[in-house]
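First up is the structure itself, then whatever we jot down about it.
Each chain carries a letter (A, B, C and D) given by its place in the written order, and its residues are counted from 1.
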Amino acid sequence: MIRIAVLGAGRIGKIHAANVAANPDAKLIVVADPFGDAASSLAKRLGCHAATDCLAAIERDDVDAIVIGTPTDTHIQFMLHAIAKGKAVLCEKPIDLDMAKSVAAANEVERLDGRVMLAFNRRFDPTSQAFRKAIDAGEVGEVRQVVITSRDPGMPPREYVKHSGGIFRDMVIHDLDLARWYLGEEPVEVMAMASCLVEPSLSEVPDFDTVMLQLRTASGKQCHINCCREAVYGYDQRMEVFGSKGMLLQDNLRPSTIRRWTDSATDAREPLLNFFLERYETAYKTELTAFVEALRTKSAFPTSVQDGLKALRLADCALESAMSGKSVKV
Amino acid sequence: MIRIAVLGAGRIGKIHAANVAANPDAKLIVVADPFGDAASSLAKRLGCHAATDCLAAIERDDVDAIVIGTPTDTHIQFMLHAIAKGKAVLCEKPIDLDMAKSVAAANEVERLDGRVMLAFNRRFDPTSQAFRKAIDAGEVGEVRQVVITSRDPGMPPREYVKHSGGIFRDMVIHDLDLARWYLGEEPVEVMAMASCLVEPSLSEVPDFDTVMLQLRTASGKQCHINCCREAVYGYDQRMEVFGSKGMLLQDNLRPSTIRRWTDSATDAREPLLNFFLERYETAYKTELTAFVEALRTKSAFPTSVQDGLKALRLADCALESAMSGKSVKV
Amino acid sequence: MIRIAVLGAGRIGKIHAANVAANPDAKLIVVADPFGDAASSLAKRLGCHAATDCLAAIERDDVDAIVIGTPTDTHIQFMLHAIAKGKAVLCEKPIDLDMAKSVAAANEVERLDGRVMLAFNRRFDPTSQAFRKAIDAGEVGEVRQVVITSRDPGMPPREYVKHSGGIFRDMVIHDLDLARWYLGEEPVEVMAMASCLVEPSLSEVPDFDTVMLQLRTASGKQCHINCCREAVYGYDQRMEVFGSKGMLLQDNLRPSTIRRWTDSATDAREPLLNFFLERYETAYKTELTAFVEALRTKSAFPTSVQDGLKALRLADCALESAMSGKSVKV
Amino acid sequence: MIRIAVLGAGRIGKIHAANVAANPDAKLIVVADPFGDAASSLAKRLGCHAATDCLAAIERDDVDAIVIGTPTDTHIQFMLHAIAKGKAVLCEKPIDLDMAKSVAAANEVERLDGRVMLAFNRRFDPTSQAFRKAIDAGEVGEVRQVVITSRDPGMPPREYVKHSGGIFRDMVIHDLDLARWYLGEEPVEVMAMASCLVEPSLSEVPDFDTVMLQLRTASGKQCHINCCREAVYGYDQRMEVFGSKGMLLQDNLRPSTIRRWTDSATDAREPLLNFFLERYETAYKTELTAFVEALRTKSAFPTSVQDGLKALRLADCALESAMSGKSVKV
């Protein structure tokens, strides 16, 4: 039984805490959040301790592992504290918005031989897993092109955008991680274009709301990513892997399979599941299970701090390319 | 080169005449219709003779084969005249609305060793053909159940309904022919239910607008057919063949493959092709090709007068079952 | 907080017990099963008491409501004992395989003013709920035809079949309940056909493995149901509601949304979720939530003992029709 | 009645000639091809004159308009000769593989006030037309991103590749034309990546077989195009237009709507229509109709020589970007 402390009782912390509580091989010991009310009401519902001091929660003797779901700028502090105390960590991405700090943290993790899994939730989606399995089984042969569509249902508040690190580090980073995973090779070149088509005033931040990227690996494999902060039809998450023997597609999820036929349209499906918490509900569960399972069996984590670094570096390259109009070597 | 006379310059006659004219192995000699204007304008457009006397058109020396697209109550007369003159016939179904007359005509055709193909157009639809081919290739194993959905886009005029022979002989007969074709065995039992849900006053004709049937063959194979004279979303033609090794489904056709995503629906497809002339455009062409090909190669027709008789008998059994509330043995 | 005893620790009991344990408004007090090991291992996993005596479990002071997931022939005994003790009941269907016993039990429940919800799980499937909501909102206008496809992935063991009450009472009963629910009127006439196409020797039981039914309501609405004990492509659960203003379709569920494109097929989807436990996982959860919610808010149950009686009566009529070859008035 | 000469009796010439012959407002006068046998056999089948001298065919008095379907390097000569003789022209794209020659030809056409329509067949596909109409009707609001997938079923012969002008001018040019059409604004920036993943030895030509592009307009609208010379699952032609109010998708076409359900896959569709002649059969007809209609009504052509120039310029920019690794301003 892996005994776990969850740091953060916000949107993502709640998901993790509930998944820990429901996992038969894990035990939720404590939920910690500087906002005491959030922590205590969550703890009460899930039957565990509440705390306001995250560092103290990490240090508890009855805790083996830490799930970090606090704001991005606290990730490194808690991660390093946890491994210093010999605790394993599941940390929300990104490590940090700053590349240099992220590299330093990763080096420290390595120096201390710390065990850190980075929470790239989409890799644990059932269809993503089915993709990876099919690719590994040689179903598509040699991968040639990967196409990823990733559009959010609506613009986040301006305040959020300002502290987000920008669309590449905040949003596209997920798709960059998937690109690496599906390509099976590291991208060596990035080309990006970025516009403010949803909210022109976003350029004052400065940031973008609509972007396109293409990546190339050393052997010439290609990946296209398109993102937009707003799609009126909902949270659009599609993927395609095309290779020498075939192609795999991933569709979106909807609340039910109902299809409507009227005098103006036929076979119409429902709007998509609203956003990432709903769309990746199963993925979050599977991610937590993978974390617990790796701890239980003392095997390697499926995602590492290095994965976090590499995705962040690609995001930085994309931003540089969008600003300079040149392809950027990674 | 098969030289052909087309009788009837109405809706269906126009289709047949144009298909004859476009067929590289056939030559359209004459279009005949008592409504001289219809015949002559069609003939002018397609570059052939026009006639008002159908019997005379049949007798022309430069005509090898006759396509009958005139009103149902003239089918037998023209069919028998043609075979008496040694001409091959492609006749629109049904042979006649009356079973006894139809049987007598079929006997006469047989006595004279006449060559008659009955125009069950749906059998020539690309998907129907793909179904038949897949069944023959053993893809579904032993057929267990056939499910046919057949709904018209809107009620025909009351005058049409009065002379139609009723929904079973006019509309369901197509589906009964397909049922026989896919089951691969003759139905021996029919159960039917019939209602007036679109136009309650239709019961005064008397007729029905909404029906359900189920058929059983001697070995226990089953078929369900549902029909309605009106579907606001269009001409609905779906089929399913389920067997020991799998299932085949047939979808509807639409003008284009466009799919719309909006804030109220996703992946919505267009309304269906309006009605049988559009939906079975390719089927009519292939049917004519099959007729010409059989004549050219002196091989058997894919559909016969006997097929027409059998479908009509099933329609009569269905009507009897709907009226009596009992299963009817064929 | 509704305190609940779950009777039965088999396949379905495990589902109910886990759903009770995970429900924030319910507390799982005890799991009872004559097979003590099953009960105790389940109880241990979910953190509740275990018992071998179901009657004693019903009588516990700390229990408000009973979920009955034991074999069918024990349903009435436990149901009546529970309501005699003033406990609310969620009972797996059917009440009993025998109509007379079922009626007597229903009468007794009514006499004692007992609170019993019958577990027609499919009504709680998200798509079924979406259907009902859309029908209520007038989306399809007046319902004309309902079409239900319900095929199991494989034949149950012969021993199960012998005690199942036959395909109509064991399998089709679910579809009959849905038919009633979607038609919005009681069927007054049933026509059925039944064959042994999967296992001819099943006729010795006697039972059938492949059936087709059609139902009619007093106003002429129609419903078709087709069932088979074996479909090699999996547990096939499709539905269609067709009315004056449109149509609703329900598709099957699959483990992921992956679609495969190869040189022999395009857009191929995965095999279906194996069977009812997987396919209706969400439905079981929602059903339990509805039960708890009705108790919490002291409102009416969405499904009643009368619903169970009516579905059973339709199953009996279908069997009679299949044997007699006549339509049967309900 | 527009009297037409078709130049070229090869693959594409046959299509055009048959469409002219079947068009009720056009008359096919002559088919000309230096390969006399090809011309005469085609002419015989379609009932028109045959010729080996294309220039003479252009000059015939009984000819109003010319359809040019000869090899690319003859396009300019025939186009200019035709307009010099006062004949209207429908010319296969590209004008020429060389940008300078193409510009000079376009200038000459303009100087002579010649009437030339460039044959961008895909614009006339029913779904492309539906896209354009929906965009014009404001269905997607402001266009933000266009995504085009365009993969051929298999590598052309090496000899073809050598004279093709390269993948950008030969294949991608179609997609670049569509990009312009859907974006509704001229692209001002192009970024491209190109690899030899199907046949590594193609780099010796030099050419590429697998490419990705992204385009940007002055207002920031974006377009992604991905192409590959080989897709084992067939000729893949998909499109997507995403805007502020919604999204439109275009699916591929298949020979029938059959869907197969087996124990290893469900809902599997057929392989795609083999290649452009089958896939765009309707588009070629509609294109010819649009040409004839514009001549008949003396209205503007839907596609012009300028469209050809602009698409070619984008193709050249893409090649430059792929070679230099820099974004190229148009």
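Brief remarks follow.
Here is the rule we use: a residue touches a chain if its C-beta (ideal position, glycine included) is under 8 Å from a C-beta of that chain, and two chains touch if they have at least 3 such contacts.
No experiment lies behind these values; they were computed from the predicted model shown.
If you take chain A and chain B together, the chains in touch with both are C, D. Shared numbers divided by all numbers used gives the overlap of an interface; between chain B and chain C this overlap exceeds half, so the copies present the same residues. A centroid comparison over C-alpha atoms places B as the chain most distant from chain A. Counting C-beta pairs in contact across A-C and across A-D gives the higher total for A-D.
Inter-chain spacing, taken between the CA centroids of chain A and chain D, is 41 Å.
Each of the following residues of chain B touches two or more other chains: 232-233, 245-247, 252, 260-263, 267, 270. Within the complex formed with chain B, the chain A residues making contact are 232-234, 252, 254, 260-272.
On chain D, the positions that touch chain B within their shared complex are 22, 24, 45, 125-127, 129-131, 134, 139, 245-253, 255-263, 267, 270. Residue ranges on chain C touching chain B, taken from their complex, read 142, 144-145, 147, 149, 151, 189, 191, 193, 195-198, 210-214, 216, 220-222, 224, 226, 228, 230-233, 236, 242, 244-247, 325-327.
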